[in-house]
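Structures are listed in the sections that come next.
Same chain, two partners: chain A is paired with chain B first, then with chain C.
So, the complex of A and B:
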């Protein structure tokens, strides 16, 4: 038990009523006087030289205000990581995938903008394209970027310990390969942006993004506007899951067209354009060998990765590092070797998506553990428990597990799912499987090299002392960060949650790197806590002075102030507060001084009262190349057990039950934690059983709609038994850490292990459609 | 060529000239400023634009504005009365059924249409009624729980 008054509860979200009534505004809901509508011309071919672009007809169309190409936009290269800036706003010499951006139009209506696009004439000289990640790196393959011969976008070679020697010393070495498919994040709100360039030379973007800070920097660079003149405002966002973690051609086109026309410019991607822009989950190929002793002790892991990156880098360098680094735990290993590369192909660029870089390789590894356990005759739960890391352990690649409730998670799901009475005892066609995983609580380093604070927060008291206004650049994208920050501030200030108002997602409010790598609870949370402590301290200082008491004896709790646990002599303060606020409905009363009166006193003595907080992680990680990727101040972890039914006649799979235990440190808001757990499992279930972005032989997306690209519906998703396991994370605010991505890591392998348990068939390629499983069953029966 | 349509939106009579190819979701969002109805795909796949048209939950991206002539339309903005949340809205708030919120208006309206027809639905009936409304955030569980709760409140089986 703890003494928290606000934290660790099931508080309704601060934004829930606005969202339930339709009052919450998303980017596409903005409309401004004189606003123009923009649209982007995208390449219909996968690989071609651009010989000529003729925009003259489009410019002449009535209602068209402007047409821009690379001639107007310039050729400043950008991307996510400065180490691989390989994009320009518009393609100029050649196009590299179906969907590559060539020009943008601003017009007085959406219809006119669309018509204008059809009037732009582009002469292409098509050149051979390559769509397969293995073909792309073969000799003689079409070259996609001159600077990257062999289409190798990034490669990683890491070894910790002597892996070959360690494998040789093992009683048993088991191999496995695994292939997932390119995924789409399928957030329900398509990207949308309204850009306003004003007469003072300032550009404001209202945009659906996870990272206002990075969008501000990128747009300032590509549009050559001083960064201080760019403001990015994130309204409510209808889901992100990773692909909204970078500046888009949509945002840059709107900004450029607004700068040129002097009018507000809006653009919203169609659902098809969301698929073409992509930046979602890569296709990964994994090849692994796990060496163990006969008693189940894991010794060494050899891991290879090939990633299909698409035509540009996006987050790809980090992705290919993560595929290796995130296998360092949660099991103790003596040696680990990783070789990975990311190939360019003539398809939309892949980027970050929930469980960045780790999901497919985790799926391969957790299957491999089950395969190994079977060979040595060990229960998969026991085998994992035998090798599990605990708090204070360091992985072989130097990730510090400062807290880790992995063992507790495994024990919780074993109990919660009744594993012992089910494993090996289920009827034919029914199966049970388990898996584990962990993820960072915020990347240890910013995307660009910098000593910047990762988060700063400002809390400003209202003049009457009744409301704490929390200002942060962090991004509420649905995960509940606004509510979490309000709760941390309320707890720290000792006031009720309803007395905190959160203003977020605006680069003018504070510095915050944004909603990616599951970082805000820990990082923005730290800055929030520090800001609230600063504010509290200032109020206590003024109070101590006024009442002539020791500051150290003053405490704030539940909206009241105590002096050495007693009411103290505050009559003078109350009398003057009541006098000042005569006729107001909510005069302070009761035997204790209220926080409001104390904050008002502080205002009278010191003017507007502001507390500030900041956070950046301590130095993390080893000194080897790429050591930064995978580092984090803390790691969340999750264990899951899935039960399935398989129709052995048809291969149809039904996921009957899911049991999930997640260690999120202190659960700031239990309802939000469960929401992240259940949402993660839903996405993992979709990726495992249905989801695949398909292409035709010319690189065109075949299923760019939510009808053809199938994500789980309410009928596909079972209820999840969600068990919150709480550890006390020393590096987290109030002991808190992540839940948003760690919770997806075990889902796919747990389902795959359950399918194996039900059928005896090991599927090593996603998605596991009924057809694929049926064919595998036929094959197995033929061999038997 | 525009056509004049007359309909009732959230209890208020509306008369407007609309293009014949304008969809109901465009009309509601662009012409009436009722942006609580969301546009997620334009193809009837995601259900974010769900409104209640003459008592039935429909994808307003698949209905032309002129087809709504003479009809009654209820959008999310018309649900709360006298500043008080509808029991479904209240249950979505209380049960943590809302994350990003983009599917929420459509979900609530699909649920409302269900509860008008079946005041005491089973879990399967709730899930079936929501099967045309995609949510990528929640895994649906808390949404189903919220609707079950609201059904109990609305049918008087439980105090609000």
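So, the complex of A and C:
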């Protein structure tokens, strides 16, 4: 048990009422006087030279205020990582996928903007396109970017230890391959943005993003506005999951059009445009060999990856590193070799999505462990426990597991699912499977090379002493970070949660790299804690001076102040506070001085009270090329057991039950942790069983709607037993670390291992549709 | 996505609605729930100049138990209403089941049986369920009126015999004989919000609880350009005593009636195999329900 008053509870979200009642404003809810509506013209063909663009007719249409192309926008290159800036706001020489942006229109209504798009005439000279990641790197394939011959966007070769020698020394080497499909994050709120360029030359963007800070930098760079004159405000956001981790054509077009017209400009993507913009999960091909000893000891892992990147880099250079680095744990290995490359294809660019780069390769690896366990006659749970890392272990690729409740997670699900009484004892058609995984708790380095703080936080007391206003640039995107920060501030200040108010998602409030790589609880949490400590210290200082006591004896808890655990002689402070507030009905009372009185005293003595905090990780990782990707101050981990029923006559799969354990360090808010765990399971289940962005032979998305792109419905989700495992993370604020992405890691392989248990069929390509499984069953029966 | 411009008209009588349909020619579309039409309009697949709403036309959204033997269902009755109607659930179970499997709750609250039929989609939920009851569709125009068997209504994907000036005004079904049971099975990827890969409806009547099959109808969707009856399988079953073996044989015969396509939802090969499996399952289920028949 611990002594926390606010942390580690199931506090309701601070934004619950606003969201439940519809008061919460999202980007598309914003309306401003004189606001224009913008729309983007996107390429209807996958690969073509642009011969000529004629916007004259569109410009003449009544109600059209402006039309911009690369001529107006310029050709400044941008991207996510400065190592691969390969995009311009608008295509100028050629288009590289169906959806590539060519022009944008601002008009007095959405209808007129749409009509204007149809009046822009573009002459294309179509050239051969390539849509398959294996075809793309073959000799003679159409070249998508001149600077990247062979369509190799990025390649990684890493080896730790002597893998070939280690594999030779093994009793058994098992191989496996795996192919997932391009996914869409299917967030509820499509991208939306309002840009306001004012008379002072300042651009304000209200935009649905996970990363206000990065959007600010990219937009300032591409639109050539001093970065100090760009302010990005993130209103409420209806989900991100990764694809909203970068500046979008929508933000840059709106910014440019507002700069030119001097009016606010708004644009919202249709669902189809969300699919065309993509930046979601790549398609990955994985090829692995695992070497073990007969007693189940894992020795060496050889891992190959091919990624279908689409037409641009987006996050891809990090993605292709993650596919290798995130297999370094949670099992002890003596050697590991990784060779991966990311291919350009004429499809929408892929980027980061929940479990960035790690999900498909984790699925392959965890299946491989089960295959190996079967061959040596070992229980899959036992085999994992035999090789598990514990706190203090360093992976072969130098990731520091400063805390790791992996063993506890495995034991918790084994017990929680009654594994021992089920494994090998279920009737035909029923199966049980397990898997593990781990993930970073915040990327160890920013996307651009910098010594910047990853997070700063300001807490400003109200002058009456009643409310702590927390200002942060961090991004609440539905995951609950505002609530987590409010709880950390309340705990640290020793006041009730309702006395903290969070203002977030604004680049003018503080520096924060945003909601990606599961970083905010740890990193923004640290800065929040430090800011609260700073503020608390200032108040204690003024109090000590006034009361003539030692500062070190002053404590704040539950909104009251204690002096060496006693009430102290605070009569004078109370009397003057009451005099100041004569006639008010909420006068302080009780045997202890209240925090409000103390903070008021501090204001009277020192003026507006501000506490500040900051955080950046200590130096992390090895010195090899690419060592930065995968580093983190801490790692969350999880284990899952899935039970399925398979209809052997149709191949239909029903996931009956999931038991999930996640080590998130200290659970700041238990309800939020469970929410993230269950959300991860749902997303993993969807990717495993249903989801696939499909293309026709000309590179057009066949299913760009939530009707035809199938994410799990409530009826497809089983009951979930969520078990929170709490290690104490030395590098986390109050011992806390991630849960947002790590929880998805085991889901796909746990389902696949359960399907194998039920049917004896090993599926190595997603999604496992009823047809795919049924046909595999037919094939197996034919052979048997 | 924006809707194209159109004129929206709300007639308050059936006569007015029919007259409007006549006057507007082919440019008008009738709107009931709009769950399909509005999506198609947003996608610019359809651009009607007028929408004639049935919202204020009285009498089209009722399920009426007829004094003679049977039921009359208004075209504007929603899937949600049909799914929870006690009489339909009792005597026309495949129809109630199909209604309950259409889309998701919010769609079922708006989508109507009439809309689902006149859309003529090969994978729609209601057509097979109506076909096993030999439903009669009443079509009306300003000057004419005709009745047609549901089995003759569908012409091809998205095509039916309804004329632009005609409105589907009623769906009539005879209450099945004693010892009848029915079933409806739908195969899709998810457990809700699905367009069928294969769907099958069955109505099966026994002479008496342990007697032979005296009437049986099998209808399949998503397996041909229109929903189809598996007549050969029905003929095979007539007069036979129910058994798993007989039902699985009927399933195999049922496949012969079908010409499924390969599309992004599933291949022809898999669909054919599933027709066999699901037909035999649906027959088994209908048989169990027939045994449990109550007056």
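Keep this in mind: the second predicted complex is superposed on the first by the 784 of 784 C-alpha atoms of A that agree within 3 Å, B and C clash if a C-alpha of one lies under 4 Å from a C-alpha of the other, contacts with A are read in each partner's own complex, and residues count from 1 in each chain.
Basically, a residue touches a chain if its C-beta (ideal position, glycine included) is under 8 Å from a C-beta of that chain, and two chains touch if they have at least 3 such contacts.
What you are looking at is a predicted structure, and each value in this text was computed from that prediction instead of being measured.
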Exercise. Is A:769 in contact with chain B, with chain C, with both, or with neither (first, second, both, neither)?
Worked result: second
Exercise. Now for A:270: first (chain B), second (chain C), both, or neither, which partner does it touch?
Worked result: both
For this session: Decide which partner touches more residues of chain A, taking chain B and chain C as the two options.
Result: B
For this session: Would you sort A:682 into first (chain B), second (chain C), both or neither based on which partner it touches?
Result: first
Exercise. Is A:713 touching the first partner chain B, the second partner chain C, both, or neither of them?
Worked result: both
For this session: Once the structures are superposed on A, label A:671 by its partner contacts, choosing first (chain B), second (chain C), both or neither.
Result: first
For this session: Based on the superposed arrangement, let me know which partner A:81 touches: chain B (first), chain C (second), both, or neither?
Result: neither
Exercise. Is A:22 touching the first partner chain B, the second partner chain C, both, or neither of them?
Worked result: first
Exercise. Of the two partner chains, chain B (first) and chain C (second), which one does A:229 touch, if any: first, second, both, or neither?
Worked result: neither
For this session: Check the residue A:10 against both partner chains and state whether it touches chain B (first), chain C (second), both, or neither.
Result: first
Exercise. Do chain B and chain C land on any of the same chain A residues, and which?
Worked result: 270-271, 707, 712-715
Seminar exercise, completed: Counting only contacts in the complex, chain B reaches chain A at residues 29-30, 33-46, 48, 75-77, 79-80, 85, 89-90, 92-96, 98-105, 108, 126-128, 130-144
For this session: Would you pull the chain C residues touching chain A in the complex into a rising list?
Result: 1-2, 39, 104, 187, 189-193, 197, 264, 266-267, 269-270, 273-274, 277-278, 281
Problem set entry | Touching residues (chain side chain A, partner chain C) in the complex | 110-111, 114, 270-272, 649-650, 652, 689-690, 694, 702-703, 707-708, 710, 712-716, 769-771, 774-775, 778
Seminar exercise, completed: Note: in the complex, chain A contacts chain B through residues 10, 12-13, 15-26, 28-29, 31, 185-190, 236-239, 241, 268, 270-271, 477-480, 671-672, 674-675, 678-683, 705-707, 711-715, 717, 719-720
